[in-house]
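Chain IDs A, B, C and D follow the sequence of writing; residue 1 opens each chain.
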Amino acid sequence: MRERVRLIIESRRFQQAIIGVILINAATLGVETSPSAVARYGDLLHFVDHCALYVFVVELLAKVYVYRLRFLLDPWNVFDTFIITISFLPTASGLSVLRAVRVLRTLRLISVVPSLRRVVSALLNAVPGMASIVLLLGLVLYVAAVMGTKLYGTAAPDYFGDLPKSLFSLFQVMTGDAWSDIARPLMETHSSAWLYFVVFVLICTFVVLNLFIAVVVNAMEEENREERRDEQAVPSDEQAVLSEVAALREEIQSLRQLLADRVPS
Amino acid sequence: MRERVRLIIESRRFQQAIIGVILINAATLGVETSPSAVARYGDLLHFVDHCALYVFVVELLAKVYVYRLRFLLDPWNVFDTFIITISFLPTASGLSVLRAVRVLRTLRLISVVPSLRRVVSALLNAVPGMASIVLLLGLVLYVAAVMGTKLYGTAAPDYFGDLPKSLFSLFQVMTGDAWSDIARPLMETHSSAWLYFVVFVLICTFVVLNLFIAVVVNAMEEENREERRDEQAVPSDEQAVLSEVAALREEIQSLRQLLADRVPS
Amino acid sequence: MRERVRLIIESRRFQQAIIGVILINAATLGVETSPSAVARYGDLLHFVDHCALYVFVVELLAKVYVYRLRFLLDPWNVFDTFIITISFLPTASGLSVLRAVRVLRTLRLISVVPSLRRVVSALLNAVPGMASIVLLLGLVLYVAAVMGTKLYGTAAPDYFGDLPKSLFSLFQVMTGDAWSDIARPLMETHSSAWLYFVVFVLICTFVVLNLFIAVVVNAMEEENREERRDEQAVPSDEQAVLSEVAALREEIQSLRQLLADRVPS
Amino acid sequence: MRERVRLIIESRRFQQAIIGVILINAATLGVETSPSAVARYGDLLHFVDHCALYVFVVELLAKVYVYRLRFLLDPWNVFDTFIITISFLPTASGLSVLRAVRVLRTLRLISVVPSLRRVVSALLNAVPGMASIVLLLGLVLYVAAVMGTKLYGTAAPDYFGDLPKSLFSLFQVMTGDAWSDIARPLMETHSSAWLYFVVFVLICTFVVLNLFIAVVVNAMEEENREERRDEQAVPSDEQAVLSEVAALREEIQSLRQLLADRVPS
């Protein structure tokens, strides 16, 4: 029985059916954002939504039944469980945030479609190599935010009124969006504010540039390592030379034997 | 007859003439955007435009006559046919959109100039390698748009009023253009909106960064593969060693023969 | 005694304690930006701040005691000393700038956490390779600023009123932020201003692009050099061939000896 | 006499003196942008400016005297001559544009400082490899500008009123600056304008991305080619193997000779 369930949930048909349910559910969640559509087809949309949710629950339970504890070893299963658990909250409380969060269910597409799964795994693999630089960027952001709040907190309360506001403003500056709109008005009262912004922009650009390079070099290195592994697997010309030389040595050995046998000492 | 037409349309002169017609047509289409120029030289411009169009039609028909069914095997021919077919629509209906679309004819330059053709082919070859990441980006955009519409639809109807508006706003945020102009007013009513935007900006930046890296690494890999093919084609030093060793072995063989002949066993 | 102090300050425990003090101090400096928190816990915050400062001073003195003159050879020690010396200024003068500067103390995290230290060292190592391009960028910026001031100084006094203003405006254009907001109003009075901006944007983009490439290629080269060093360190197949051939030669030598001994001349 | 002049103008001292004159001249040109400084030190500034100009003229004449026709073979000499010729125009006509253009003289720093010269040469070398993609980008820009003028010329006369305005607006969109400020008002009257902008942004981003990659891959290839040249120049292990094998062959030959001599046939 357990084996038969395993064969079913691991079959390609089953997975395609799940992908279909996710896509239909994604569409209904999208249509639900239109009040006029909800007014007309609201009941149908909710019905489809509930059906999809129960399909996902049944799928998860089947997986738990088949894989038992190994179920938790696959992080994608944990991801699916988390997303479906979230989906059960809104029906209880009805908060708009929780209702909005239901659409995260569409992200299950990542765990079901293999190519998306690979891409996301690759993205997550790149994270550890970036950790130090991200930490450095966070440190620079924090120090600049504390300085900004102290220096410009009273002059530009909208942008530097308190620490969270400063952090948001500096994040905005870091993405290069409209930083002059923040800097120019400040420079009218604090003429040296240009130094603060120019230094911050330069440091951020430089660190982000290097973050980028670290990731590229990492990817290249990975690539190179794989290539070299390939090269070592294939018997190379050099190994051919080696075996030729070994054969040569045997030849000479037999020649010496011949000499020893025929020429009397 | 057919062979002679083939020689003509494949001659360099003919292709240069076609390039000339495309450039002249591009110029007249550009001049046509000025109402004062149309008022004065309108008839001339239309005459040149029609001539160019008929030249293109004759060229296409000649190609169909020469290549027959093989005509459809070259995607650039399909591209040319499509662009010229579009050009015939406006004269019939006269809609401004269709009239504007006539300028696409200038894109025929891509199919005629070999270097442009190569560049566009290279660009299109890069597309399959990006498919998964673009799909992921689309998924993130869709999920974020549905969430944005539900959460901020009433607070910022201009930006998040319905799903298409949200998609456009998030595309704008993704390109990094004036995203703070969308986020800051929202944050006055929804104080936690910063989380939505910061997370979206970070995810998009990260995914786009990796999209970029995927393309670079792909291009490098391609490069490396070609190089290695080159290396294998050229007879290397190693192969010289191999043939030297083989010669050595023959030498030893003949030496052993000599010994066997001269020294009595 | 000196040896015992050295063992203490080089122990992992001690370093973790220092990291702890820096983090606590960073938190209090952050909390200090909130006037309400200062009103309530001001004394406590100042007390913690002073304690942290004295811990840092004692740490530095201990290092001076242990390493003597070698203390100055490590640039990170100079960095730490500089940051802590700055922290002593505000208590004397009380200027808001100097008070804001105290948060730079948090940057000590870089000199204490090894991974951050490595990242910053790597960043600084990339600087010399960029020097020429940065110099070129500076030259372009200066020339464009002088031209901008002379051409548009009276038409747009806010952006090009004097040399520093022009430099700041062009830095803004270079980061790609809202450059059309500067260019469009100017183009109403100076219709050829578009040329100035388009040329400047194109040159900057091109030079920055190449700055970027220089850094990437540098990083790759470095990578390659290390790889090749690795390859040379490991005894390769080729060296095996060489020693095989040497053994072969000895074999032949002994064979000739045998021949000389046994066959009378 | 000619030889002595050559030695002087090629000496390091002379070149450092010229760099000094350029820097002093750059400073006076910068100071000249301030009306108050001109009012006070105007005569001095003009005197220094004229002196510098005459120094440059004398330097150029000396070079012409020394190198004769070869003078024109070095493009940097042509560049210098061009820049200095420009400087003579303003004193005659007095137009503000020509006065502003005098600061281009500072760019002579590029032709005098070797490291800047190398960087600019490298930048210019990258240009041919980008030609096709830049041409493609220009084609896309032109086609989009003609379409934009026809479609939105009446709805947004400021941005798409005529072909030059459209080209400038699309260049702005291409740099990613405030494109939503152009698109959003248009979308109120032309609801399908989003398609025009999104497609244009996507194509430009994609083509620019590939332009970038082409340059990186080019730089890498160049790098690799140089490396391989280095590898071939250095006598490798493989060549050692080859000569070892050749020695071995001689050894065997002499052994055969010995055998032929001593052992009677």
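Quick note on the criterion: a residue touches a chain if its C-beta (ideal position, glycine included) is under 8 Å from a C-beta of that chain, and two chains touch if they have at least 3 such contacts.
Computed from a predicted structure; not experimentally measured.
Undergrad: Have a look at where chain A meets chain C and say same if over half of the interface residue numbers show up on both copies, different if under half do.
TA: different
Undergrad: Farthest from chain B by Cα centre, which chain is it? Let me know.
TA: Taking each chain's C-alpha mean as its centre, the farthest from chain B is C.
Undergrad: Please work out the Cα centroid separation of chain A and chain D, and write it as a whole number of Å.
TA: The answer is 38 Å.
Undergrad: Could you state the distance in Å from the CA-based centre of chain A to that of chain B?
TA: About 27 Å separates the centre of chain A from that of chain B.
Undergrad: Listing for chain D: what residues touch at least two other chains?
TA: 176-178, 216, 220, 238, 241, 245, 248, 252, 255, 259, 263 - these are the residues of chain D that touch more than one other chain.
Undergrad: So which chains actually touch one another? I want all the pairs, not just one.
TA: Final set of chain pairs in contact is A-B, A-C, B-D, C-D.
Undergrad: Under the stated contact criterion, what part of chain B meets chain A in this complex?
TA: 131-133, 135-136, 139, 142-143, 146-147, 149-151, 153, 162-163, 166, 176-181, 187, 194, 198, 201, 205-207, 209-210, 213, 216-217, 220-221, 224, 236, 238-239, 241-242, 245-246, 248-249, 252-253, 255-256, 259-260, 263-265
Undergrad: Using the touch definition up top, name the residues of chain D that touch chain C in the complex.
TA: Result: residues 26, 29-30, 33-34, 96-97, 99-101, 103-104, 106-107, 109-110, 115-116, 118-120, 122-123, 126, 164, 168, 171-172, 175-178, 212, 215-216, 219-220, 223, 227, 237-238, 240-241, 244-245, 247-248, 251-252, 254-255, 258-259, 261-263 of chain D touch chain C.
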